[in-house]
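Working notes, structure below.
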């Protein structure tokens, strides 16, 4: 085995720790060498937990003073553009968490920077690395169910997102922060780009939880018409409380495929015949996609080693952002929105 | 046991035979006494198959010459109004298959006739009698998952519907003929009336099967916003080929409920490890809802005996027709349609 | 439809009421005309509940004073022989609940009486009429999994059986009263007769429930070697408390088949991510085999009408009793017991 | 992170490669430094595949010339004793694949050697590290279902074992080579030691596959009576052809727990309504227990680092061997065999 790829983690939050865990405990091929985290307390905790040698408050500092090959960006969405462009300029490969950015213009800048400096830009769509999703996608690609006609994808997350992640001004809200994976998965599985979007949202739990963020919603149903003619729905519920739920169902001309399951363990218990059987559910996304996260990082390390194109790259991240923007406009203006409308508004970026 | 209720079946097609079967083989409380069927060949076959004593080419003839207590209407949708109004005028109780009628005006006439003549008017929404649906609805009504936020209901039917049932002019198409049950189930489970509808449709299989009906579609995704704020989706695929598929998933403030399952038998087989497990699927709707159909008819007979209100009555049928009309307008005009728009157009009916 | 077959129910207990229910509410082809029940209170209650016209304290009285075509025997096992022989002598067809009798000699007398008087003798092995069991048995018979090698059948019943049914002296205990179905099902699915039996039993709950019946056991594992070479296990747990559980798994030379499922409804609920999914279980045997019981009775009526051989007859009942006797001897004497040993002890019966 | 623990793999076969894979691709905490494999071709292949630096034809050579901390023994059972005793004498920690050895005397020697030299002796019962088994065992230990009354454990393996592994003389046959895991799991979950064993076996496929090994069997049903009163069954089918199947079901005083599932992926496909749903099955044991093998090795490395007692140690391996010996005697002599009989025959070992 060649020496491990040295990785700098930017962002010590929950997603950051998932990646830190993969690198530290599961992947001999990568090494978590550097941590960038603004919050000194979080920085110390995470560094201690994963034995990270070098820690900095900013990527700028890290780039100046430490040696590493790649950056994993897990900070809030609004910072992605800056960090990615900076990393690219220093020749560092990038694994960027979803959503890619807040605007298409930002996405374009990130894509252009990676291209210009010849670095890998991989997007954090780990579902593409989940064994269930991967197997199903392969069957669809092999034509087993014919052309996809109808796709339903859902992500229901148990807990209330942080303030910034539920405010349309700072994050594009739930459609972006929770459902980015669905925007990517439906497009990936449809094998086609979205053409038109219609979204309804609802706010059932906000009041009881004291949320006064304008336009807050906890329930969303997005409808997508693809270039291929296929129709998809995306549903988001957050906080859904009952568990972490992520499933997809695809009807094709010759059949149906379901991906994922409510149950989270091959254990069934019954101790009360009036209640019935009990089966554990996935409680959180790190549980549900534990294996996918490790495989995603392994894929990233392999792309660095071999120069291969990542499974999910900048273009994929950009399409998800475009869907979010069209969808948000749809529910705000109560009308279907053509993707062309959103795509046409992005000013050009020069490489 | 009192003497059986005498039933006249109007329509000897597939749905008619399902009801004939219930009456003949499962329900001592009812008796299939009279058959009305225009087509003489079908009439003879069905009469023979179920041992029906008196057969007529028209309900008018039957009313004149035979004795019975109730009529079960299973003829094409366009005839429902005429038959129901006629039956009511002769004091016969009515079990009318879905969709109730082609227009809200027709629905209103049927409701008015039944009211005026004091007969039961039950709509053929047998899912309300299915043990799984019934149990889930009871749990929702008991507040187990809190207020419904998101509902997904689907009906995918294996075979190509007959010409009249896929032509918008003669039937309101798949949204009506296949998805009437979903319009009813979502409203029933939401405990609220629809407020706005948006629909996308697609035609994937039409060309290959030589269908040139204008506006034909085999795939539909309807989105409903309810008065309660809840959002629902209805999907229809017909012909879907892979089996008969009918499931509902409801997310409420405190949890999730799933109703129905792809599998159609508690049998699992594996004979090839490269293929995997095989589980029978429901092949057809009479299989899937076998028990529901018997229970629906039993419910009808009980309402006749006791004067109780049927679980699904004229108002329920009318709301489903309203959803269909709004939905059809939505995909034809590519815009969300408020139910008020459709409801406001129905001219008044005098009782 | 010809006029209904008139049925006399002997025994107004739980199983009797299941059959009364089938005849009264589900089978136009049969009519519950007569009730025989010793206990006058039970007699009045059951007669009222099902509208039975003629009631008697003994079968002798009923035979003398009422008209009927068939007897359904659901009284305690020790009375089966007397009632069946008496009914046969009067030309009445017989549907006899399991276990058939207490000894092989009694079985032989019943078989001989039915043969001599030319009446149907059907055994209450309703699993042979359950759609899941039936479909699986057909697949095995068609060779889908090759010759059966290994069969596991279980019946776990929730509640404590009555005193007589857990005492070896009066009933042959749980192996007979609970597991008769498994003795029949394993032999049916193996397509072979048992050759040797070994049984272990345990008593876990007896003390806490104040049971001092000698040799009482609440847990049993019987092992059967068939003539074909196939091996089977039967497990019984009663009271198991957690629900009614009845499943079979068959491994053949080319594959595996599972019949039945813990879950009792196509409904899944989750309201607590720390608990997980909840799925209703079958609470009782009348729930689990509701459809099978109706179909079993329909089969009986059809045999009466057509003279066909019942799916489960006297020989099948006799083999189940033989298994029980060999199994009981096995655990009492702590050794494997050859069926030949038990079969050889039955004195001949003269027809 | 401290420097990785250096591991020598003894045996480059299938199980050996599973462990090599864990160390090379999943566990930064361990390093596959040395390979011992007699067959030069296998040695070269495996060394190349996993980039092992130092390779030897014997453990003796490796001990003399290479530096490492631990040995993973995956060679045929008959060699385990020699390798383990040798490794222990050189102060190497040991992870030994199941079955532990051919006789209790061999087991005792291994246990004594490990004790004497103060090294870890872990047995390859990776089910104890499988998340499903682990979670279920924790629930049982917490009293969720009360005292275990009945346990059924099965292992059905798809392919024909090698000649040595199906010959009673060289391996103790299927009960040892395939079902060792079940002997361990039933005892672990019962929380009690076995007291008596009865086994039936059958040979259904041998002739067609040209196997003339004396006493060969492909189907086995072992019945165990535990000290606690609990009863268990173990079934083995090998080759079973239809997939790799490993499940356990435990009935306790207050409920039931099922561990494992036939299905091997959360993917369901249906493309033919006459066939039904298709769900992938686990094809092989490395697939089914992929995660368990990594966790088992991680557990081993942790024990080495911390000196903790392994989850499955020499005593556990010895009990599994005792069960195998009693079970084999049982089917050969057609009688139940007390464990005491087998345990009493093991000559003492001096440390």
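Each chain gets a letter, A, B, C and D, in the order it is written, and its residues are counted from 1.
One rule holds in what follows: a contact is a pair of C-beta atoms (placed from the backbone, for glycine too) under 8 Å apart; a residue touches a chain by one contact, two chains touch by 3 or more.
Since the structure is predicted, the reported quantities are computational estimates derived from the model, not experimental observations.
Listed by label, the chains that touch chain A and also chain C are B, D. In terms of the distance between Cα centroids, chain A is separated most widely from C. As a whole-number value, the distance joining the C-alpha centres of chain B and chain D reads 56 Å. Rounded to whole angstrom units, the spacing between the C-alpha centres of chain C and chain D is 41.
Shown for chain C are the residues in touch with two or more other chains, namely 241-242, 254-256, 258, 262, 268, 270-272, 280.
For chain B in complex with chain D, the touching residues are 158, 241-244, 262-264, 268, 270-281, 283.
Against chain A, the residues of chain D that register as touching in their complex are 1, 24-29, 51, 131-132, 135-136, 139, 144-145, 254-261, 265-272, 280, 291.
Listed in rising order, the residues of chain C touching chain D in the complex are 147, 149-150, 152, 156, 196, 198, 200-205, 218-221, 223, 225, 229-233, 235, 237, 240-242, 245, 251, 253-256, 258, 262, 334-336.
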